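By written order: A, B and C. Residues from 1 in each chain.
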Amino acid sequence: MTRPKSSFAGELLKGASQVFFMENSLTGILFFVAIAFASYASGVWATTIGAAIGVVVATLTARLLDCDEKSVASGLFGFNGILVGAALPTFIAASPQLWAYVVVGAATSTVVTAAFGATLTGKWGIPGSTGPFVLTGWLMVAGAYSFGGLHVTGDAPKLATDYVQGLAPIPQPIELVQIFFRNIGQVYLLGSEISGAIILLGIFIASVPAGLAAAAGSLVAMVVSIVMGADPTLVSQGLYGFSPVLTALAVGVVFLKTSPKVVIYALLATVTTVFVQGALDVIVAPAGVPSFTAPYVLTMYLFIAPKKLMAPHPHRPVAGHIVGHEHRQTGARTEQPRDQPGPSRV
Amino acid sequence: MTRPKSSFAGELLKGASQVFFMENSLTGILFFVAIAFASYASGVWATTIGAAIGVVVATLTARLLDCDEKSVASGLFGFNGILVGAALPTFIAASPQLWAYVVVGAATSTVVTAAFGATLTGKWGIPGSTGPFVLTGWLMVAGAYSFGGLHVTGDAPKLATDYVQGLAPIPQPIELVQIFFRNIGQVYLLGSEISGAIILLGIFIASVPAGLAAAAGSLVAMVVSIVMGADPTLVSQGLYGFSPVLTALAVGVVFLKTSPKVVIYALLATVTTVFVQGALDVIVAPAGVPSFTAPYVLTMYLFIAPKKLMAPHPHRPVAGHIVGHEHRQTGARTEQPRDQPGPSRV
Amino acid sequence: MTRPKSSFAGELLKGASQVFFMENSLTGILFFVAIAFASYASGVWATTIGAAIGVVVATLTARLLDCDEKSVASGLFGFNGILVGAALPTFIAASPQLWAYVVVGAATSTVVTAAFGATLTGKWGIPGSTGPFVLTGWLMVAGAYSFGGLHVTGDAPKLATDYVQGLAPIPQPIELVQIFFRNIGQVYLLGSEISGAIILLGIFIASVPAGLAAAAGSLVAMVVSIVMGADPTLVSQGLYGFSPVLTALAVGVVFLKTSPKVVIYALLATVTTVFVQGALDVIVAPAGVPSFTAPYVLTMYLFIAPKKLMAPHPHRPVAGHIVGHEHRQTGARTEQPRDQPGPSRV
């Protein structure tokens, strides 16, 4: 297969765009603009610098490890690195150790991406997606509490409490618009609605169906989180919407072929993601880490894993067990061909 | 294969009976009677209503997703849904949002069941069993803390403490009988010994060996938990026995062919389940969720996974690694055939 | 294959040596000497007795379960048992229930080793290594809080705090030497630098490259943990070094063929292990359990999993999904050969 050699800059920009499943340099440029705008607005440039370091280090590491060339060129080894690079300075104060941490974290994210590719994808057919970012990010942020050279800002290991404020008042229309765009910006850990709008524009440039799915995911998340009475502060910051946005995109457009049935399936997945967001916020609180995109990752894995013709295990004996009665009879294996992962699996 | 079309009601009842690995409508009826009796005794009908909604929604979802027809007809897509439906109203106060939650949770339990079927069962030969219920239940109960429209009753995120009361006094004979039956009833989250007795009757109707295994599991759990000095309040409610009951059934009768060796193996698994019950109660406490049947699920997975002729990885190089020395020689694969998931392993 | 029948004592000693990936009876003897020396120095013999019980019970269980004979003879079913046996009396006060616990835990560690062998190794090509010890150990120590007959000493479920003491003063040279050897001793949960030196001698006797890798891992861990400002008390006890020592050995020498590239890869893995140590200390604190060798296990799994020619999942539809559009066309599978875990993916 002849294929024009991609430029390194192109790989980095595509890596940025792959956070939303796109492979488009212009989209990647817009995403970097969105990140930079949020830094400009807040005056904190560490996240933009971290994102740039992250995607460079992750992509270089993939080249050094001779990872699948086409995948590297498509940016598939860069998008977890850019998220690690953006996330660590968001939660850890700048220090010399932080930058060493970002470099090691981004390099490790590439190894984790390759590990997920070899197992979850290669053996089970489930896309790793941003799972490597979530795992690497959790380990790095939790680890930061243990090192005097790193200081976690704005979070701490704690126990969740029951949020019993009852139903929150429905936000004003202008707030609803802000939430709609922040839900998208927070995928890149950006609380700015302007950044969210730039990102949505970037998605539409690459794919109109993807843009529609992202918008629909944001709307569904907003409605469900408000109706369920989620903490209005979190809803307002877009923190209940970014994972559902990714779920709507992934399940509705990217990993399944869109059809009426898939739309309903993606709707169920998106609503479930809002609930899983609430759950993971509680479950990871004692570790003092944010849930990152874990609500999307977990829900997407569960909704993409099922395969046609697969059945759950019937409540009958498994074959070939170490203490199974049949292990002295070689003919026993053929009894349950459907349960057996192929005749030569032992 | 010609097969009489099953009735929808039959699928629901078989779904209820599959919680104890049975496929028997009469057993399913008795299980519903046991659930209803506990509601009648406590005056709280939400659990019975939830169980009914759960099995209906989960089974319908399986039909809509075109899941394996034979499995749906056997109730294999219903038993996780009935448990989700019974569990959520047990731990979350009734509200409009709760019922929406039950419906979404039951539908999602079917997707999770299909996901486990495609991966854990399809690739590793391990039955999913009530794992989908545990995962869905944990996410839904933990999520409830985050939503103002849902209120968790009788539990909260907390840290476990060391239970150092020394050995508990041995309960009176009448209490031992209560514990024996409650250990069985609690599989359906029912603290009533009458309900437990009805359920045990239902198991015996479907299978005498299964009934004997369930009874043996309950006895072993009772003895071990008392000898180890577990909290008498929990022991008395049957909360140390329901997972071991399932383990005894699953390992001793259902997933392995009963033999003297299997009985000893199942005994080790049952004792281990009591210890894992103690462990998971501590581990999940900070998330504010019950351990559900996770002690059974984890122990059963570990005891069913081993296959004849499988060896642990020797402490020698793995093959085909991205940075392995041998990756430029195509002949390297044949060096360690035992370590390699060979070409026909899909 | 004719093979001299191994002696049971030889299996036990090789089991001890396999903790450091060696298969050498003399090395095993030295490791037992190191354990006994630490007991002699502290006056607490429960750990030595527990280690002896652990390796005997685990190896016997493997024989009773007809596990792969060559593996049993190589000690591959003993090393997790010896660690369980050494660990439980280290964290739980002696009592009749403790010894029952050690026996059941060691027997179960063999089942868990077989389970990891059948799944992680057999299907994904990842060595289980001390993963079964970590899982069994966590469950047993966490479970101990729930039983009045068991008392956990020196640990309790708690939330981690942010360690913000800034950079620690660099230890004196004599302390650095102590840390260097304790990093190795702590693999066997031994805080004695003499024990660590004996163990290192045992490794060198079996393999000079392995000894060099262990020493290098200890040095790297010492430097990184000090530079990052880890708690000096923990660093001094060798608690930041034992997992990196295993990672350096496993990734640099045992599971990959040593080469300049593998050395750099192992260096990244070793540094990452120090960070993961900090992370897991925080993450498992609420369960009241030590992290054991989990930082090594998790990092090693991630660094050994990647396989040559594996790519992450592209952001395109997966094949064969239950609600995928193509499920009515049987030819659909061939459309996306790269997404399919086909025969050429190994």
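General observations
One rule holds for everything that comes next: a contact is a pair of C-beta atoms (placed from the backbone, for glycine too) under 8 Å apart; a residue touches a chain by one contact, two chains touch by 3 or more.
Predicted model, so just to flag it, every value in this text is computed and none were measured.
Superposition angle, chain A onto chain B, using Cα atoms only: 120 degrees, a multiple of 5 between 0 and 180.
In this structure chain B contacts its sequence twin chain C using mostly different residue numbers, the overlap staying below half.
Note: centroid distance chain B to chain C, computed from Cα atoms, is 29 Å. The set of chain C residues that touch two or more partner chains comprises 65-67, 114, 123-124, 126, 159, 265, 286, 306-310, 322-323, 327, 340-341.
Only residues 18, 21-23, 65-68, 70-71, 74, 76-77, 97, 101, 104-105, 107-108, 111-119, 121-129, 138-152, 156-159, 254-259, 261-262, 265, 286-288, 304, 306-310, 322-323, 327, 340-344, 346 of chain C touch chain B when the two sit together in their complex.
Those residues of chain B that touch chain C in the complex are listed here as 65-67, 114, 123-124, 126, 159-168, 227-231, 265, 268-269, 271-272, 275-283, 285-286, 301-303, 305-327, 333, 339-346.
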